[in-house]
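I have a structure here, written as structure tokens, and I will follow up with some questions on it.
Order of writing sets the chain letters: A, B and C. Residues in each chain are counted from 1.
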Amino acid sequence: MSQNDLTDIHPTALVSPKAVLATGVRVGPFSIIHDNVNIGADTIIESHCELGVKTPLSDGSALKIGAGSKIRSHSIFYEGSSFGEKLITGHRVTVREGTSAGINLQLGTLCDVQGDCRIGDYVRFHSNVHIGRKSIIHDFVWIFPYVVLTNDPTPPSDTLLGCEIGEYAIVATMSVVLPGIKIGRRALVGAHACVGKDVPDNMIAAGVPAKIIGPTSNIKLRDGSGVSAYPWTSHFSRGYPESVVAKWKMDTESDHD
Amino acid sequence: MSQNDLTDIHPTALVSPKAVLATGVRVGPFSIIHDNVNIGADTIIESHCELGVKTPLSDGSALKIGAGSKIRSHSIFYEGSSFGEKLITGHRVTVREGTSAGINLQLGTLCDVQGDCRIGDYVRFHSNVHIGRKSIIHDFVWIFPYVVLTNDPTPPSDTLLGCEIGEYAIVATMSVVLPGIKIGRRALVGAHACVGKDVPDNMIAAGVPAKIIGPTSNIKLRDGSGVSAYPWTSHFSRGYPESVVAKWKMDTESDHD
Amino acid sequence: MSQNDLTDIHPTALVSPKAVLATGVRVGPFSIIHDNVNIGADTIIESHCELGVKTPLSDGSALKIGAGSKIRSHSIFYEGSSFGEKLITGHRVTVREGTSAGINLQLGTLCDVQGDCRIGDYVRFHSNVHIGRKSIIHDFVWIFPYVVLTNDPTPPSDTLLGCEIGEYAIVATMSVVLPGIKIGRRALVGAHACVGKDVPDNMIAAGVPAKIIGPTSNIKLRDGSGVSAYPWTSHFSRGYPESVVAKWKMDTESDHD
């Protein structure tokens, strides 16, 4: 019962004959693939998922999942969003329509991406991150558990001001970024902060309401080395390809010019 | 394998013959409907749901879902709760026993309603809202992502003091309402607040711990119009029937008398 | 189609013949039990679960679930973790590899235990608690909704400093415990706190950032009795066996010596 001879669809999965599954795609038990779905080669869809949920809010384009991706069990993706290769998700993620993401996005368990977002390459969301509609998230951003990116400055209203998170920026656990706020390149939002003003590049914001408390270069690693913890790309490279790490070295050097 | 000729039950769904499904009810793949369930006409139950979970904490009454409702995939409802017509849920909501809600409740993805709550008409919960047992939520309330309504003033204990949220009130993202607190009619709790004192009608509470920072009428829309953002019913009507919007106009005028 | 004559496996469940299920185990519809799983007698696995998810991060040991446990629907457990008897979960919990827990752990709906944790006996997590890797949680701890125990002091990095929560301690709703922090025995973290310094035994920490605001003995029950709310074991015993409650009485007396 495979989509074609080169896919591996569990007999209990329900896969629309209209869905396009490339060679090597695997679909787990009790998963549902609706019509308007295009899945790249060698992607694994685990059990209890639902891909390509129809919505009148979409522009009619397919859900596109890049090659070499892994979508863990109980995840839900709507039609009309697009992901580069090597998307990796935890369990029970929900992604609405109209979002486009670059390569190797990682979405932790329970993430909720509300749609109409622009997400760069190599972005990492840890567990249970909530990304409001119209958020813009640049390459190499890290967002930690229970962070919410908001969008409505006067809820409820019809005004949506998405947040923008700069390249390499970090937003730590349980922080809220208020509507329309920009977090600078390589900036750091501390844990449990409520950010209501833009954060400049390379600066730390912390507290409720968040204040700028200094440059990220003030923070040392806690491993006894005395090395600066930021830019994090100077010491942390787990999970990135060598070509990216080489590029980081050049970027870091140019930052110091 | 339909419950009767006028329902549409997916062949993989498991529907108890004791469950009562009105005309036009649809049940999606891999969903389970237990015995003690009563579903109104034309309601859609999507895939991977479980309705009517048995519990010794219930009074034995059925789970009642009003006509014209839509329960999105992976949602779980216990027996012994009751919902008016046009209930709309996101994915993966969990609703325990003993709750009654009016018409057109909207529950966002991942909402967790702990049971024994009273919920009015046209209430909206965004994603991942946690409603503690014995909460009372009046008509037209909005609650935003990651808000928790608590109930135990000295955890853990056997004293449960539910919160009460007044008509048209708004609780913004990531706020906690402490046990027994009352949020006034048309009041606004800002994002990331911890509310330990009652909030009067039409006032704003913000911060940790939350303080009253002025009337909601101080806040203008951010669309350049210069119009007051509150009462929100003066400019926002998406998703409400015309009869309700007409009633709002009268209410607002009487508020200004 | 049961694993053996003394188990009760729903015909739609997918149970590996390599999994070890003791007498009286029940497995609900649409659930998946992978190879490397060992389930104790009389345990109930509800619907839509996935147990024994394979991971290269595990040491190869089985997922062990103690006798008399109940795992509610839509829950996911990885291989390589071990739970004592009478584990009780809510719905949609996620538990990664490398964690060991004592008897009668209760995990609320949506809890996310990241793995490599040590959890004592009779620990209670309410809904949507996030336990970072390498956390250590002692006997009789209570953790309330939307609490996050973190572990990375300079995110992202390769340094993981787990939190440690002392016996009988309580962490209230929406609080964050920062990496490497120790919460003392019978200490209390108030709601919506961000804890960046160790909390001594029997003390209350509250606020962002959290400060020590006094001993827990200052807090009275809100039931009109005038009785101290802490130690909570002096008045609350719901859900614990008599032998445990008897032991508490002795512990409390020795605390007062």
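Everything that follows uses one rule, which is that a residue touches a chain if its C-beta (ideal position, glycine included) is under 8 Å from a C-beta of that chain, and two chains touch if they have at least 3 such contacts.
The structure displayed is predicted, hence computed values, not measured ones.
Engineer: For the sequence-identical pair subunit A and subunit C, what is the superposition rotation angle on Cα atoms, to the nearest 5 degrees?
Structural biologist: Roughly 120 degrees of rotation.
Engineer: Taking shared residue numbers divided by all residue numbers at the interface, is the value for subunit B and subunit C over half (same) or under half (different)?
Structural biologist: Subunit B vs subunit C: different; shared/all numbers falls short of half.
Engineer: Could you give the separation in Å between the centres of subunit B and subunit C, each centre being the mean of its C-alpha atoms?
Structural biologist: Computed value for the inter-centroid distance: 28 Å.
Engineer: By the touch rule stated above, which residues of subunit B touch at least two different other chains?
Structural biologist: Residue numbers touching two or more other chains: 12, 30, 48, 74, 92, 110, 128, 146, 174, 208.
Engineer: Subunit A touches which residues of subunit C in the complex?
Structural biologist: 12, 14, 30, 32, 48, 50, 53, 74, 76, 92, 94, 110, 112, 114, 128, 130, 146, 148, 150, 153-159, 161, 174, 176, 178-180, 194, 208-209
Engineer: Mind pulling up the subunit A residues that touch subunit C in the complex?
Structural biologist: Within the complex, subunit A contacts subunit C at residues 12, 29-30, 47-48, 73-74, 90-92, 109-110, 124, 127-128, 142, 144-146, 170, 172-174, 191-192, 207-208, 219-223, 229-230, 232, 235-236, 238.
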